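Below, each structure is written out as structure tokens.
Shared chain: chain A. Partners: chain B in the first complex, chain C in the second.
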Partner chain A sequence: MPSDIQPSDIQPSDIQPSDIQPSDTRSSDTRSGNTPGAGPIESVGRASGWALMVSELTVLFRRRRTWAMLLALAAVPVLIAVAVRLTSSPVAPGRGPPFLDRVTQNGLFVAITAMVVCIPLFLPLTIGVVAGDTIAGEAGLGTLRYLLVAPAGRVRLLVVKYAGAAVFCLAATLTIVVSGAAIGAALFPVGPVTLLSGDTIGVGESVLRSLLIAGYVTVSMLGLSAIGLFISTLTDVPVGAMAATIVVSVVSQVLDALPQLDWLHPWLFSHYWLDFADLLRQPIEWSSFGTNALLQGGYLLVFGALAYGRFVTKDILS
Partner chain B sequence: MGRNLRTWLPVAVVPAVVIIGALTVPLQAGAAVDLPDKTPAQVLAMIGDSSVQALSGTIEQTSELGLPELPSAGTGSGSNAGTGASASASSALELLTGSHTARIYVDGPDNLRVQIMDRLAERDLVRNATDLWMYNSKDNTALHVALPDPVGMTGPSTDSAQQTPAQQTPAQLAERMLAAIDPSTAVSVGKDTRVAGRTAYELRLTPRTDETLVGEVSIAVDSETGMPLRVEVLARGQSAPAFSLAYSTLSLTAPDADRFEFTPPAGASVEEKALPDASALHEKMSDAAMPGIEDGKMPTTKAEAKALAEQFKSGGGMLPGVSVAGTGWASVVELPAGTVSADVLADPMLAQVTESVDGGRLLSSALINVLVTDDGRVFAGSVPSARLQAAAVGG
Partner chain C sequence: MSSATPSVDLAIETRGLTKRFGHQTAVDGIDLAVPRGAVFGFLGPNGSGKTTSIRMLLGLASASSGDIAVLGQEMPGRLRDVLPRVGALVEGPAFYPFLSGAANLRRLDAADPGASSATRTERVRLALERVGLGHAAGKKVRAYSLGMKQRLGIANALLVPRDLLVLDEPTNGLDPQGTREVRSLVRSLAAEGTTVFVSSHLLAEVEQMCTHAAVMSAGSLVAQGTLDELRRVGEAHVRVRTPDIADARRILAGLGLVAERFEAPGDPHADGVLSAPLPAEAAAPETIVAALVADGVRVRGFSVVGASLEERFVALTGEGFDIAQ
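Take a look at the complex of A and B:
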């Protein structure tokens, strides 16, 4: 290990070819600015943890790939809204994706329709890419060992990487909701929203419910992110980890569709993904939110522990 | 190696704890309950005395009838009945055979709301003093029935309004089951249990005959209020209930008054429907159009109760010539020739859900067998298919 390299001066992820931009120096500035002033070891650890988090997020959201994925997600509601706007014949109720027929009456439904469309494939796809890239991406670029030279340690790196993936989940769902609401408001009238129960709520409350849905879907994706993190510790090939994570999400949904496996369904991390619609009932049915959070928490614990075991005992060669 | 072991130990412990927790927490909900002993008669009396006026809760229904999966919509092709009637029949069938979760709100005899929570959709039924609304979010349609003035309203109209399958609360289903208690049935009190977080007595009804498919009917009765909390029907030789209707959450406080208000949302297509005249319905019922049902007498066997319910379901249209053979659990209901027309018999849908047997086609499920003979007669009963075939040949 080259001892003359100061860990705090190196921002390993910055070395990625696609990311070399003048402003990249800023992230390492933040980090070195935080560390020196701290006296006790404890506060050094905490400060460097936050600095690591900040630099991880900076790298993640400065990446062109991340922006491309968020743009693709934002394009889904736009596509739906434009298609509905341009067709002359009204959408018949019960045809196409759920809620599609409501779009012409109320633009706020664009976001919800887009969410239903995105949840089975597009959203797991982007999250698979981000979560699968966490450890394997650094290993593939040969930067993992430089990251581990820092006093941060492997556990902290794992936590920071997972937190980064979780933040991306939130960003992805918020992208769909915000872009859906924006294009819906631009192309269609906005007014009171009809809930599944037939009751109507005002615009203010419907915005609140949209944000709740974003929260629900974010929580829904935490289990998949944990699985992606674990798979990412298994390999040095980021593309393999991404593909495997996406395959896992597809397999889980296929199993969920087989009636012969009834007993297994409540244990599948994708089982409650579409139950965000429970937030559109009057009164809100919170039980699925709770069950879903509990299930995702279980997946997070199990696969987090597995990732920890694998990553701590792993021989880092790259 | 030692370092690896020390690292992997907590790693193995975490999933183990999670899995053990996931498996044992639901079991604790069913932990042993010990209530003061009661006789079956006392438990029955508790049900009779039950005076729960207001509640809100969640009902879970599961059916393991062993029926082939039915398409939930668009089954009206090829039948001579109006598509609307056939669609509502298939929707009623779907309600009985599928698994559902519904929220129910009750406040007094006049206010009721049932919300059947489908995936990404919901079917609502709202009843208040003056209106009955049904709303389906899937196709955004609402059905409105103006109820007669509650002051002048007589009993039968409320009864007929409550016979919609969507409205079967455990209480109503239990009453129908209890109507079947006669010497043909052994009634006992089983182990005390816990349903929806409340302690409950379990009333077990076991048919005394071997000729029926029903193995046991179990009714969990709330120890505090006497309200039925769960109804399970077990098929003979099955350990899991073939049909189960149970509260999963229950609160006995009066729900928000808003629950019983309904205005159809903008853009929904609203259909107005007149209520069938209550008094005419009542007269028709007393007409003895159906042998086996005497004037004003409550149905005494399960099959009779079922047949009566069928009549209510079909909107009060009486079918002449319905007869019941056998007694108690082993009753066989016969509908006369021509009930099922030739083109329905030729419908591929029917061929898909039934199997060909001697003399007709058989729809077989864990609890009920239905035989449609080639000449259009229908035999139904909670009996093995051989008995239906024997009845068809004998009749």
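Take a look at the complex of A and C:
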């Protein structure tokens, strides 16, 4: 320490006696940077808290696994469109997934059909992989201890991890919609869309409705993501957390299919997953959107709190 | 009375630090005192509780009982203020295999809310160069060797200037060249004023690098102090190389030194070696040589061998301690 003080104190005052005052304060500033109380970090300035979020998304979208899942989701509307295009006989209404019969008349329905096909299993599967991986994946790699020592902060890390999973939900649903719209426009005529209420809307408006559906499905997946986040805090084995999350989504849908459990149905996070048809009415029927959002928000609160309770007190031994 | 305020002169201070897993006690009431500016060796066999202690120091695991102060502040309560000033390598390096070395460091740096993003790329470059990974910065960590990962882990601890470095087995997986580099890196960091806390099961490593050491055995702290203090408990030995073994023994005995081991050759003109413990209150080495020579003993070699830490540690931790590596 004394060797630090001497040069900075003596040199400036030797050269310019008039500068003694300011040079003294400056040297005392640099000294305080070395004292135990004020770490050297403060002098650099607090960086924005968004860095970890940006980093999280970078890591998520640099993984080949993420792109493989998005590509698989994008392939679903392509498969549907190609299969319908190659079949000469028209699809009878009421056969196959909902909206399938409309695809040949208007390519914009490819995206909606694909969404209906993906929602029960395919989409929850990809969400389960990402949400189940959030904490358990870091624990499995061992990077969790380095993130926490950095220190990322346990609550901050949990929030960022959940936000990353939510962004993936949006990316997944948008992938289906965009891929569906593109292949539909390529293989089928595109024109004004006749809604379920009988009204007709233009192409621009129908694109907006498709995006609304993507938004609805994204919100639908937020509850499952919160469950995945919680399960992920329970284990250091990411595959286990992913599988458990996917199993939970299947179980919820099975329960939803049993009429004996009528009373339970409105409380199941998967209950409103396919109810986005109300967005295809004129005027838009928002009540199902609201009910769904409220339910998902409830799941987010409960499982977010559970994940918090578990993660904040957890011993990181991985 | 002493539990009120943590001492400012200590970089790490624990009181009665205990960790239990069920019925098993992994760390049993240890009182660590790591002075600021020290290079502190944390020695012990595998499974003696070193890593568990480090996890508690860094707030990764909670203590079952006891107090911890790091850099003069209570942990884990002041974790947000303390940890940005602490660089750590805990139980081996861990990275995202699908990211490059530089991208991994940027990721971990972004996790520190105090680290400036404006200087991040530059700091990452400097840290990589400091550990000799400048050429491999863009390579995926999947393709790194264990030694390279270990270096990357050390680079991560050096991303910002730290007041304390906690390095858990830093030379694990490194070749002799890398081990030497780590040793000189630790010395240069210590010269800059950083306190370095190194855990190791390699005695030789600690002896070459550290100013202080503590020894763990089965969850308890069995010794702690400067290396000299630890050595002092053991005794130095004098070794005399001479063909006149019998005379030398007699003269040493006259000076109060009891020769323990000697190799007397069959040929009366060949050298033998005599070794005797040299207690602190015994005659000075030069007096011993003078006495031997005065009596006509042909002294062909004379040395004083300092107390070996190894003997001390084997005594403390039992023969199971793998110091031979």
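Simple rule for what comes next: the second predicted complex is superposed on the first by the 269 of 318 C-alpha atoms of A that agree within 3 Å, B and C clash if a C-alpha of one lies under 4 Å from a C-alpha of the other, contacts with A are read in each partner's own complex, and residues count from 1 in each chain.
Throughout what follows, a residue touches a chain if its C-beta (ideal position, glycine included) is under 8 Å from a C-beta of that chain, and two chains touch if they have at least 3 such contacts.
As the structure is a computational prediction, the values presented were derived from the model and not from experiment.
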Which of chain B and chain C A:Pro98 touches, first, second, both or neither: first
Partner chain(s) touched by A:Thr313 [first = chain B, second = chain C, both, neither]: both
Touching partner for A:Leu52 - first (chain B), second (chain C), both, neither: second
Partner chain(s) touched by A:Glu285 [first = chain B, second = chain C, both, neither]: first
Chain B versus chain C as contact partner of A:Ala111, first or second or both or neither: neither
Touched partner set for A:Leu147, first chain B, second chain C, both or neither: second
Residues of chain A contacting chain B in one complex and chain C in the other: 313
Contact footprint of chain A on chain C as seen in their complex: 8, 36, 55, 58-62, 71-72, 79-81, 83-86, 88, 90-99, 103, 106-119, 156, 160-161, 163, 193
Chain A - residues contacting chain C, complex: 34, 36, 39-42, 44-49, 51-52, 54-55, 58-59, 62-64, 141-143, 145-153, 156-157, 313, 315-317
Interface residues, chain A side, partner chain B - complex: 93-94, 98-99, 101-102, 105, 116, 191-192, 194, 196-200, 259, 267, 274-275, 277-278, 281, 283, 285, 287, 298, 301-302, 304-306, 308-309, 312-313
Contact set on chain B toward chain A in their complex: 3-4, 7-8, 10-12, 14-15, 18-19, 22, 58, 69, 73, 103, 115, 117, 119-122, 124, 126, 133, 135, 137-142, 249, 256, 262-268
